[in-house]
Structures are given as C-alpha cells and as structure tokens.
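These are the structures, in structure tokens.
Two complexes, one shared chain (subunit A), two partners (subunit B, subunit C).
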Partner chain A sequence: MSMRLLKFPDERETRLLFVKWLVALLIPVLAFTLWDGESILNNTLLTLFTGFTVEGVTTIGFVLSTVFVLIFYAVTFALAGYFLAADSGRRSMIELWIDVVIFTLVPMLLVILTTSLVVGLALCIVVWPIYFWVRKRVVAALHYAPPDPLDEVMELSPAQQDALKDRGRSGGFWFGTAFSLIWLVIDLVYLFSGGLPTPVLIFVILRTILFPVFGLLLGQLGGELALRRTLGALQKKADAKDKNAPAVDLESEIKSLSPTRAREEVKELVPNDQPMRSRGAQLFYLALLAAFVLLYPALDPLLFSFGTVGRISGFADAGYYVILALGLNIVVGFAGLLDLGYVAFFAIGAYTWALIGSGQFTVLTGLQVNPQVWPWLFWPVLILSACVAAFWGVLLGIPTLRLRGDYLAIVTLGFGEIIPIIFLQMDKYTNGTNGVVGIFSPHFPGINWTTFTPVPYYYLILALIVLLIFINLRLRDSRLGRAWIAIREDEIAAASSGINLANTKLFAFGAGAFFSGIAGAYHAAKVGNVTPDAFSYNDSIIYLAMVVIGGLGSIPGVIVGALVVYAVNQLILAQLDTMAADPSSVLHIVKVLAPTFTFDSIRNLIFGTILVTVMLFRPEGLIPSARRRRELHHVDQGQDVEVGSLDVPPGTPGFESEIRVE
Partner chain B sequence: MSIEHTSSGSPATGVVTDALLDLSVVTKQFGGLVAVKDVDLQIRPQEIVSVIGPNGAGKTTVFNLITGIYRPTFGDIRLEGKTLVGLSPDQIVKRGIARTFQNIRLFNNMTVLENVLVGQHTQLKATILGSLFKPPRVVREEAHARERALELLGFFGTALLERQEEYVINLSYADRRRVEIARALAANPKVLLLDEPTAGMNDTETLEAVKYIRRLRDELGLTILLIEHKLAVTMGMSDRIAVLDYGQKIAEGLPEDIRRNPKVIAAYLGTASSEETSEEATKSVE
Partner chain C sequence: MSLVLQLIVYGIATGAIYALIALGYTMVYGIIELINFAHGDIFMIGSMVSIAIFNLLGINSDSHPTGWFLAVAMILSCVGAMLICAVLGVVIERIAYRPLRNAPRLAPLISAIGVSLILEDVGKLWKGNTYIPFPQIFPNITYKAGAISFSSINVFVLVVALLLMVALNWLITRTRIGRAMRAVAQDRDAAALMGVNVNRIISTTFFIGAALAGAAGFIYGLQYGSTIFTLGFNLGLVAFTAAVLGGIGNIVGAMVGGILIGIIEALATLIPPTVLPHGGSAWSRAILFGILILILIFRPAGLLGQQTPEKV
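On to the complex of A and B.
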C-alpha cells in the first residue's frame, strides 16, 4: 500500500465524491459527539482515573457506554469506506446532505427537545412522511429525473474493482483524519479556555493519531464489503450455490425482470445510486442498532438525567407486545387467517405461570411452595405455557377449518371473549375477579430479580425476542412457511399442489399461540399479578393493528409496528393529560381554553384517526414485506395508463382476473 | 382389481393394456342439476387423451371430480386400481395426479421459483421441528428441491430460468401457463390434467404449447388428460378423444373417427346442420 493512495484525490469527480461523503458523514458524527459522545468518553476517563463520580451512574455503566460510543465511531468509519466504494456518483451532493440532515439530525433534535426518546422518535415518524411528500413535490417541480438504476448494472473489470477498494480505504482514512482534526480543534478551544484534565489530554493525543489509522483499516473493511455486492461477486456466489442446476446469468436476469422487481434487486448491487439505502448499508445500521439496544440500560442515565428505571421498565413491557406481534404475524401475515381473539392465548400463557408460580399453587394442590426454590420453575414453565397455549391454539382452530375469512374471524372473536370469561368464572381455581397476585419473578444465579428491577426483565425480553425472530425466520423460509403463504394466496390451488389445508392451518394457529404463551408467562412474572379484565377484545384489536400497521408478513415491520403502536397508545396518548397539566408544555393551551376537557376522553378517537390515516396513505404498513408493497401498489410506477378490465385483450392476466366464469 | 402396469407400449397401437386412470359410471349431481352422468373413461399409461365438448358439457367438472374438489354422487374413479373417491385434493396429489386450471391459479405474490417449490410440497419431508433446527438432512432437501425446481423451469428453455425471481403476476400469459405446468410437474405426478392449456394463446404460442405438451409425454413419460377447445390442437395431438355433451359421453375414439362422427358434429353445430355440414366440417378441420 503506497503513500500515493493516501493522497487526497486529484481527479475532479473522485474529489467531489470524497467531499460529498465526508461532509455527509461528519454531520451526524459531529452532532452526536458534541451532544453526548464527548461527554461520555471524557466522564468515563475521569471516573476511571480520578475520583470523579456521577450520581446514579456506576463505573461499569460508564465503561459500557464508552463501548457503545466506540462501536458507533467504528461503524461510521467502515460506512465511510463502504459508501465511497459503493456510490456510483450519479446523484447530487445536496440531495444527499439534506437527506442526512433529516434522517440523523432531526431525530436527535426532537429527542433533545422533548427530553424523551419515545416521543422524539414518534414525532420523527410524523416528520419523515411529510419530508418525503415535500421531496416528491420539489423533485417534480424541478423536473429532476433521477438516473435509471438499471444503467449501472454491469460487470466490473478487475481494475475497476481495485479502484473501488482503494476508494474505500482512502475514504475511511480521510474521514478518520478529518474527524480527528475537527475534534482536536474543538478540544484545543477547551484547552485554551479552561484547561483539560490530564487523562482527557492524553486521550485527545492518542485519538488524533489513532483515528486516521482506524479509519484506514475500517475503511478497507467497508470497501471489501462493498466489493462483495458487485455483480461479479454475486454471480460467483450464485454459481457456487446452484452448482448442479442450470446456471443463470445474473446480468441478463436482472435486465429481464419487470421494472418494480428489478428495482428491488438493484438495491442490493454495487455500484449503487443511493448507497445509504442499499442492503449492505442496512447491515451496518442493524449492527449499530443491536449495539444500542444491548447497551441501552447503561446508556440511558447518561443520555437523560432522570427517569431511567421507568423508561427501562416501559421498554421491558413493550417487549411482550413485540412477541405478540411476531406470533400474530404467523397467523394473519403468513397464513392469512384473520384472528380477532388472539388475546385468549396470551391469557392462557399468563395464567399458566400465575397458577403455578405463586401462592395460588398452594390453593390448588395443597402443596407448600418454597419462595426460594419455586421461582426457578419459571424457566421450564415458560416452555410449558407456550406448549399449553399452542395446544389450545390447535384446539380452537379446529372449528374454523371449514370457514372462510370473515366467518373464521367471528369464531376467533368468540373464543377471544370466552377464554377470559372462563378464567373469571372458574374462581375456585383462578381466584375470579381478584385474580392471582404475588406471582414470582424468575430466579437466575447472581441476579436480584423482582417485579421492581426492570433491567433483568429487559435482557430477558431481548433474548426472547431474538429467539422468536430466529424461529419466525426459520419458519418463513421453510416448506411450512411456503405452504402458509400458498394458502393465503389461493386455497384451492394450494390444495391442488398437495398441501393439507387442515394441518397447515392448525400449525399456523399452534405456532402463533406458542408465541403468545411465552409472552403471557413473561407478562405474568413481570407485572406480578393477573386478572381476567386485563385481557379484553380491545387488546386483540391492538395486536392486529400492530401487525397491519407494521406490515403484514414482514418481520422487521411487525416489530416496528408493535413499538410504534405501544408508544402511541400506551405512552403518548396516555400521558397527554399529564403533559397538558404541565404549564411549560405546548399542550397547556388546551387546558387553558377548555378546562373541563381531558385528552383521555378522546384518546380512542385520536388513536382511531391515526390508524385510518396510516391505512389510507400507507396500507402496506411501515416496513412492508416486498410482496405486500407490490400487492397494494399494483400499478407499475413506469406505466401511466390504467387499463380497465374490458380494455384488456383476452388471454392476458388483466382480462382473466376481472372476468371470471366459475 | 387391476394389476399395476409400468410398461410403455406404443400408445397409439391400440394394444389393450390395463388402465392407469379408470372412471366408471361417474355421476355428479348438484341438487337437481346433473352435471355429469354415467361417464366411463379409461386412460392408459403414456396416452394423450383429450376431452372435448361444447361449453357447459361438464369437462371441468370431470377434472374436479378426478382431483377431489368434488365428490362423485355415484360411480368410481381409480388410479392404478386404487379408488380416489373420498380422498381430499392433497391426498390425490400424493397418489400421483396433478392439474392445471382453466383460469391459471398461480400464487400471484410469490416468485416463479417459489411457485414451483410449493409444487414440491408432497415430495419434501421436512417437519416443523426440522425446519426450525435445520439438520443437514433438511438443508440437503431444500438445496435439492431448489435444483429440481430450476431443472423443471429449464424444461421450457431459458425464459423462465431468467425470470425465476420475478413475481408471477408480472409475467406474460404464456409464461404463466408454463409456470403452472412446472408447478404441477413438481409434484412428480403419473397423470397430468391440463385444463385448456392453449386458451388465450395465438397461433405461435399454441404451436409451442403443443410441442412442449408432447415433450411431457415423450421425455417425461407422463400420461396426459387434456381439455381443449381448439379442434386443430385436439386432432393433431391426441391418441384418443372423448366427447362430452350435457354431462354425458357421446363419443370416444381415434381423432379421425371423432371428426366424422355425426353425433359430435350435431353437438357442436346443431342437429339441423349435421348432415349438410358434415362434409364441410371434415374438409375444414383437416
């Protein structure tokens, strides 16, 4: 590797490319550093090397937060390399910079202004669609036609591939250099205005030397990852995978696909017009998100000065909604069975642990329960609850087998009502309206785990979510998953392809109920008590809303849908009255103008309006599966002419689909 | 009870072999309407048999009876001597009968490859636990299924192979027809039921379809039962033809005989014209 490669590029095009991406990445990185990154690092150093302490934050909390900050920088360095290598250079700088500001600075700003992570992010979900809409109008007004992504689909020569790698490497290096120099200047200002403690000074020096080096190494990594997504590399991978099958030329394959489908495939390729949206970049984002979620309990006290315990408890509560959404996704999203009574299985799961893991067990069986030993049973009972719920899922699915769509929904609705009432009426066993209290929290070696310690619950739900995502993915991409989707598409064709409708549907109900059983047991342990009125028809509808708004059939979609619906419904709408009572908040005007008005009374109205709005403008959901987006936006974006069924010549799909003689 | 017969004697020599698919006195009544009445039909291995008749004659109903979508009111349907009556459609697929539909019923929001993979459902053995843990056996099975799907798509040339990741709804009509046949082939059937495979196709596409249907019998050894409206296709391709009218079989035999059969001509054109036009009809269809 010669020093020549580390010289800032002199060809005008490449130089512009560097400027484009260095500025684009420096904006969010500097913003983050100035907001919190710097203070986290400096405080950690002070805590470790001097006697400095911050109330409410432990040393390990500081260390873990530092780990996150370093991961953040590492990912950005690698992304610098990736973007510079992957960009085709055809799109304008300004467009990119505005996108970056809206997607990185605006969330930070909103979170700071509202002093709440959840409210800030929820507002983003409002701001971003507005931005997209404005953007579309501006683009149309400027008569700006973005280049056709299919033009860039071509094999790269070895020389071009090397150029790509070099760009990645220098990109990382120059980004690291620029960043460390700017940070150095900022810290020099601090040094001359007030002096810096010694540990921080040493850090500044080390950082200024090391960041360019890390930039170089990580940029090289980013460049190589970009190289793996070129047409040539993907072709090699495809050839290796299908060695016994007839080989397909990827380039001609992509060019022969329909426009919408081709556009999906092109998002993965390098060179890319919008590398920020490419699949390679998404992996980096996911890594960053994973680090953030894992280290969040350590980060929270440093990002916000109070309310950590409440927030983490809230997230630990939201977690079970994610699991419910994932489970319902199997029934409604994959298999297309409209289930309006999903809360029934959640209740079954909750009561299973409630009846075993509390004093109620003594009432039922007469056996004494040792509070030191019994909570260990949580782990096997977690699986047991899931299996019991799955069993009932299959049982309650049997009457629905011969029913279609709406009728199936009514039967599930019925069961959704019956099950909680059974728990209410069986008061000899379930303690009726008063419910079961004193449910044990799980025991785990070395951890103090009660209903009031949210952090173990947070990590438990995280582990469960990861496990269930894995199960969901495995199911979706299997023989059974394909059968589910086939049933949803066309039952008769599915049966005529050899799929046993009854078994496959029952598997769907069982698998969905399995998930909710796990969520139920977890919820019973966390909240410590279960009562029949905690499970109502309303909840079933909320779960359905989570799945539909998130994106039917899409795994990331339903996760986001669950978080968004939880945030809006349980957090924001529930707290509107508290916020309005606070004289410093914007909502106080409402209280002043109409003193007898409460937000609580129109809470469902607001929620309903939000649901209707989302369905009108984005029926495919927030993060739709590719299938669903295509399904609901049927007209290809290239074609302008809407052809009615009677204008379509016979023998084409349009004709056949409208005029059907059965 | 007939003996299972696996030899492939020349299909058109008229040598008496045991029937692969045997319909005897099959009758289907929907309330007061008799859709199919006393239909007898024997299909021998590797034959191409066409079922023709005017619209509403009950041809698709016969297909639905064979594949288990309807249950015969009376009569028996046997495959290799074992009865199919009372079995569900998926069980009949497992026994070895696959079909395509008149209106092409593909899984619209799945890709070409996925449609053919669904067709292999009966050939794969992965259970729910196997799908979760993915032991080597399941991994191998999925890889093999994928290879087989690509092979089946390759039967029709490179057009479908190139479009393997395309959603079927974006394909041309002729391509969709081919995907439906590939999906049916994926079930490894002994008998293939094709319901109007050339409907809506122009002359070029029809000739191509005739070619690959013949190849299905010649290269893959399938037995084919065909519903077809285009007389040129039926006459040119079938070993034998059965004619239905108002739910009953009015004629059966070799193409040349059917062409001249007055009852057949009457069914299509009406009795008054049957004598006048019998000569014209003979000449025009040749």
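On to the complex of A and C.
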C-alpha cells in the first residue's frame, strides 16, 4: 500500500471514472443517511449512553437497526471498490446517474410520500416501465448504439490487474473520505445551530477518522472480488475443475456465441460496461437484501412510526403465498402440468394441523389435549402435513396421467372443488362450516408465541422459505428437474428418450403438494382457525397468477410474483382505502365524489386487468427464466439470425449454443 | 318412481340452460382450443341485461303485464340480452384473445381468467352483491301429466332452448358460415388457404356463442327468478363440465352433455343422508366433478367425441 493511493488520480480518464462512481454511489447513500440512517445511529447512541427512550422500540431493536445501517454502509464501500475495478468506463456518466436516481431515489421518495412501503413500491413498479419505455425512445431518437460487449472480452495482463486492484482500493478510500466529509459538514451545521449530545459528537469524530479506513479495506475487498471475475481468473477456475476434460478456451468460446447469448455470458465478466447489472454486484445486492429482510422487524418501527405489528403480520401472511408459489412453480413451471386446483392440497395441509393441534383432536379421538405440551407437536406435524399432502398429490395425479393440457386443468379444477366440499360436508370430523378454531401456535423454548405475536411467525416463514428455495433449486438442477422440463417441452420426445412419464408426473404433483402442505400447516397455526370457505377456486387462480406473472419456471420470478400478487390483492387496496378515509390525504377526493365507493370492491377488477395486461405485453412474466425469454422473444431488436458454432463438441462444460432452425 | 320421473323433468329443464351455455364453450374450444373462462360471466351479464331492459320498459319484480305488451317485452329483453352479450363476446375476443393467438397455451388461458374476474366485478358494481330479483312475468300455469307436474315456465324454457339449438345446428351444418366454422376448427391454415377469413369466422363464433349465453341468461332468470354476480362462475363450471362430458368441440355433444348433467344433478338429490352426510343435494357439485373425472379417465374424448391420436 503506497502513499500514491492517497492522491486523487490525475489521469483524466481515471479521474472521470472516479467522479462518475463516487457521485453515483453518494446519491443513494446520502439520501438513506438523511432519511433514516443518521437518526437510527444517533438514537441508538442516545439510548445506550443516556436515558433516552423511544416508545415502542426496545434497545435490542435499536442495536439491530444499527447493525443493518452499518451493513448497508459496508456493502456500499465494497461496491464502490467493485464498481471502480469492474467498470470498463465506456458508458456515460449522465446515463449512470439517471439510472441511479430512478432506481434508488425514486423508491425512497415514493415510500416517504405515501408513508407506506407497499404502496410506494407499487408505484415504483408503475414508474419503472414508463422510464424504460421513455429511455428506449430516447435511445432510438439519438441513434445511440451501445458499445459491443464482445470488445471487452480479453485477457488482462498482470499489470492491468494490479491497476484494477489499485483502482478498487482507492475507490473505496475516496468514497469513504467523501462520504464522511460530507456527513461531517452536515453534522457541523447541526453543531453550530443547536449543539449535539456528547455521545453523538464522539461518534462523529470517530466516524470521520474511521470511514476512510473502512473504505480502504472494503474497497480492496471489492476490488479483489472484481478480479475474480476477469477472463483470466475464470479461465483458471475452468482449467482447475477437471484435469481430464478437454482444454477449454473461454475467450474463443464466448466469441463464437451468438450476440444475445454472448451478452448474457459477458455480463459476468470484468471489465464490464454495466457493472451495476453484473452478477458480481448481484451478490452484494443479495447480501443487503438478506440483511434487510432478516432485520426488518427491528427496522420497521424506526422507518415508519406506526403500524409495525400489522405490517409484520401482513408479511408473515405473505410468506405462505411465496411457498405456495414455489410449489405450484414445480407443477406448472417445471413440469408444465396446468394445475387449477392447487388450493386442495393447501386445504389438506391446513386441516392436518387443524385436526391434530386443537380441541378438535379431542372430538375426534376422545384423548385429552394438554395445551402446554401439545403445541410442541407442530414441528413433526409440519413434516407430516407435507407428507399427507404429497400423498394426496400423487393420488389425485393418477387420474390425470393420460390427459393433455386443458383436460388436465379441468380435472385438477374439479379436485380443487371436491376437496373443500368434502371438508365442508364431513362435519362430524371437521366441524363443517364453522371450521376448526383454537388451533395452537407452535412452541419454541424461550419465545412467547401466540396468534398475536407476528415476529416469531415472520422468522419461521423466513426459515421455511429459505429451506424451500434451496430444495427447489436442488430439484430443478437434478435429473428429476431436467426430466420435468423435458416433459414440459415435449412429452412424446421425453418418453422416447427414456423418461418414465407416469413416475415423473406423479413426482411433480407430489413435490408441489409437499410444499403446499407445509404452507397449509403454517397458515393454520398462524391464523388460528380453518374454515372450508377459505379455500376456493379464486385462491387457485391467485396462486396460478402468482406463478405466471412472476415468470413460469423461474425461482426468483415466482417469489417476486407472489409478493406482487399478495400486495395487490391484500395490501394495496386496503391501504388505498385507509388513505382515502383520511381527510388530510390526496385520495380523499375520491371519497367526497363517491361516498360509497371503496377500493376494495374493485379488487377483482384491478386484478383481472393486471392479468390481462401482463399476458398481452409480457407473457413471460416479470423475471422470466432465461429459457422462457428466448422462447417468447425470438427476434432480438433487429439482430439477424446467427448460427452458433457447430464445431464445439456437445457436452463442453457450462456452454450452450443458440441455433435457430427455420 | 314418479319422483324419479319428476326429477328427470326438472333436470331436463335445468339441463337445457346448461346446454345453451355449454354450446358457447364447446364452439370456442373447437375453433381456437381455448377454455373461455369468461363465458359463464357473459351468461351472468346476459341475465343482468335482461333485467335492465325490463326495467327500461317499466317492468319490475311486481309488475303484471299481459298480452301484446308481455310478448313484446319478453322478445325485446331476450333479443337485447343476446345482442349485447354477442357484442361483448366479440369485443373480449378482439382485446384479450386475438393478440395471444400464437402465444403458448397458458397465456390466453390466464387472460380469459382475467376477463372473467373483470366481468364479475362489473356485475358486482352494477347490480350489487346480493341476489337481484328477475321479474316473474311469465304466466305460471302448472300442468300435470299423471303424477308428474311441470310449469309453463319449464315448457317455455325448454322450447326456447330447443329452438336455439336447432337453429345453431342448422347454421353449422347447412350454411356456408357453418361450413367455414367447421373448416377453421378442423385445420386453421388449410381453411385460410381455402379462402376463409379466419379472423372473421372466429369473431362470428364468439358472437354466436355469446348470444346463446345471453339467451341462457334470460331464460335462467325466468326459471329461477333471481341472479347474482357469482352466477357466472358457478354455472359456467357446470356447463363446461357438460361440454367436456359430451365431447368438447362437438355441438351435439354439448347439448347432450348439458341435458345429462341437468338430469344427474336432479337425481343426485335422491341420495339419502345415510350414504352421504347431508344428503346428495349438498354433494351435487362433488358428484358432478366425480363423474367428469371418471369420464375423462375412461373416455377422455367425451361421450360423443372422437379419439384423435396425438401426432408427433
């Protein structure tokens, strides 16, 4: 580490690069700091060192929120290093700054303006497509041709690699310095206008000294991570993987791909035209998202001043939608079996825990139930409901084996109708229309867990979602998963290739039902009562909509689809109604003009319109799997059809040519 | 025994309505291989439009028009419902289905489900979410044939339905348009090569199917006296079962399937509570679907459908 670092770069290109990224990153970081970051840190210090308290927030809550803020800054420092090392410098500054403003400032602004996380984000989802469309028009009008990504594919010499590493390191350092200086100035203004409490003052001084240091270290980390994605490093990794495999020359492989395919592969490489979208940066985003989601219950009271319990309860409810979407994704997305009666398995899972973990068990078997001991059964029964649901999934899948497409849909729809009717009419066992009430919440050592404490449920559903995403990924990348995709694409060809159609389809139904069994047991415990009319055809449609809108067969897609559909269905309209009832908000005009109108009453109208619109304009969903996007958007903006290389032997690791056959 | 026969008579009356709706489903599926989930809701809109036309003419639930006025009002209401539903069907096809004609199968299906949801909410916003009474203006005379009784309304419903079905059959088998429709259903590209305007024929199919649903809405209101916005989904599902039962894509199959489903539904009420808790009537939908599933397992093409081998 030389003193050379501490001098701001003097070559014009590198200097511009630094300015570009420092400004780009400072915008969101300063916005976040001024919005909440600063107040969280200051309040934590005051709580810890003076007697300061905020109603509704515990000390642990403050500490955890501080942890999140520090993680946020750490990620930003590392990203500063990564971006500076990874950028090839060819895209313009203004473009980047506009992108940053639209994708970070606009959501923050909308959330602040609407004082609601969900409505704010929903408005973003409306604003962003408009921005994309405007941008496309502007680009076309200016005849701007983005530089060809293939030009960047080159081996970097060791000197160049060192230069990149240095850039990363000094990028982090200068970002840390700039940030801490600006923050210092802001705090000095506070100091001279009103004075600062002592702990905060000490923190300001510490921070001004330490942030450049952290910037240096984390920037170096970012730079190192960027270097791992250069062509040379990837080549070394490929070479080291299997000594017996034929030698793989990544550079010529990428150059022989078609442009669309090459652009996808090159997104991972460093140097990169758009490092914000590269896969390396995505790891940082994921880390930040994970920290946010994990620490959300501590953050929520500090971001919004009221309504925390309701919001966390809402998110805990949304979680089971995500699990259902993941399960239906297996049946409809991977295996292509259109299932319109998925709610049946959900009902089976819910009733399993309901019949075991409540007073109904006494009614059924005559055994007395000890409310202190019995809830511990939730954990084994979670697995049991999943297995019971899977069993029924297989059973109900058997009649469908010979059916194609739409007939399959109707039969599954039939089962989706029959099962709730069975639960309704067999009221000797299931208590009919009144349903089962008083279902126990699970017990866990040291936690007070009832239907009214959403935070343990929130973490439970998070754990379940992570587990099930992992299972889903392993299933997708296994032989079984590939068999499902083969069946989806062409049944007869799959059967001719030796796939046992019946077993594979039944496995798909079983796996999908397994997921919904887990969701059902969780839902029964969370809501505390189960009635047959909670499971209807409408729900099956909602689950299907989640998967289709999110992106069939794509795991991040269906998760986002589940959250979007849940938000539209349950949260947004209710929030709009609350806002309209509030005389001080903009929406009150609606109430004045039409007093009997509620947003909730047009829920199906809006939902149906969204379904039709998404199908008309983006049938592959919000985050399509790569395969689907290629299927549905063959023509790539005027590119000619390119024949991929036929010389590369099939089975070359990590490689897929695109060959268009007319 | 006479109870069974009585139930069969009721069943035929109900089944005629199912048959009219099922015809719309089967025609659309035959021609573009799409389950038109919105079709049941078009039926529901038809019944509401009939009520609206009656109200426009000054007739509401407690009026008692007679003679020419009655006849004119009924004709206006029926034809009005048919026309408006037909136009609605064509509009839906243009907006929600035509752009997706070449998309993978799931896209128009989801689009249809979306349209169904939209129509349900339109019905709810228009007429509220409780049962809306249909003007019971048709003179209700009970006839008896031995131990079986049926009302004039049943007869009227049956007559109207049969007339429409016969007219449709004549249209399909004896006219040029019908031949064009059969051609497009059989092989769309070949029909286009033969000079058939495929887009127009598909629109015509939707027009006719939706008109039939509108008529079904009118006679449903006459027979049962009320309508509600969820009617479309419930009856639509049953009618679709009827269409599949008879062999989807097959016009006569839809008619037969509809009547059969009506009879089965009526006879299911005979099942005593000892066999099924709460008796057969509570389980009628489950029984219906059970029968559908059995048919699809053992004869997937339906009763009158043809088994077409899937070509590679």
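Definition applied: the second predicted complex is superposed on the first by the 626 of 662 C-alpha atoms of A that agree within 3 Å, B and C clash if a C-alpha of one lies under 4 Å from a C-alpha of the other, contacts with A are read in each partner's own complex, and residues count from 1 in each chain.
Keep in mind that, in the parts below, a residue touches a chain if its C-beta (ideal position, glycine included) is under 8 Å from a C-beta of that chain, and two chains touch if they have at least 3 such contacts.
Keep in mind that what you see is a predicted model, and the values were worked out from it rather than measured.
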Practice prompt. Could you tell me whether subunit B and subunit C fit or clash when both sit on subunit A in the superposition?
Written response: fit
Practice prompt. Based on the superposed arrangement, let me know which partner A:Glu265 touches: subunit B (first), subunit C (second), both, or neither?
Written response: first
Worksheet item: What is the contact status of A:Ile602 with respect to subunit B (first) and subunit C (second): first, second, both, or neither?
Response: second
Worksheet item: Given the touch rule stated above, what does A:Leu501 touch, subunit B (first), subunit C (second), both, or neither?
Response: first
Item to complete: Examine A:Val548 and indicate which partner it touches, taking first as subunit B and second as subunit C; both and neither are also allowed.
Response: second
Item to complete: Consider the C-alpha centres of subunit B and subunit C from the C-alpha centre of subunit A, and write down the angle between them to the nearest 10 degrees.
Response: 70
Item to complete: Scan A:Ile421 for contacts with subunit B and subunit C and give back first, second, both or neither.
Response: second
Worksheet item: Is A:Glu11 touching the first partner subunit B, the second partner subunit C, both, or neither of them?
Response: neither
Worksheet item: In the superposed arrangement, which partner chain does A:Leu616 touch: subunit B (first), subunit C (second), both, or neither?
Response: second
Discussion item. For A:Arg474 in the superposed arrangement: first (subunit B), second (subunit C), both or neither?
Written reply: first
Practice prompt. Identify the partner contact of A:Ser256: answer first if only subunit B is touched, second if only subunit C is, both if each is, neither if none is.
Written response: first
Response to the item:
For subunit B against subunit C after superposition, the smallest C-alpha distance in Å amounts to 9
Worksheet item: For subunit A, which residues lie in the overlap of the subunit B contacts and the subunit C contacts?
Response: 492-493, 631
Response to the item:
subunit B residues touching subunit A in their complex are 67, 69, 88-91, 93-94, 98-99, 101, 103-110, 114, 117-119, 121-122, 124, 126, 128, 131-132, 134, 142, 146-147, 150-151, 154, 161-167, 169-170, 172-173, 176, 183-184, 186-187, 199-202
Worksheet, complete the sentence: subunit A residues touching subunit B in their complex are 242, 244-246, 248-249, 252-253, 256-258, 260-261, 265, 471, 474-475, 478-483, 485-486, 489-490, 492-501, 507, 511, 627-628, 630-631, 650-653, 655-656, 660
Response to the item:
subunit A residues touching subunit C in their complex are 332, 338, 399, 402-407, 409-411, 413-415, 417-418, 421-422, 424-428, 492-493, 537, 541, 544-545, 548, 552, 601-605, 607-612, 614-616, 619, 631-632
Fill in: subunit A contact footprint on subunit C (complex, rising order)
29, 33, 35, 95-96, 99-100, 103-111, 113-122, 124-125, 233, 237, 240-241, 244, 276-278, 282-283, 285-286, 289-290, 292-293, 296-297, 300, 310, 312
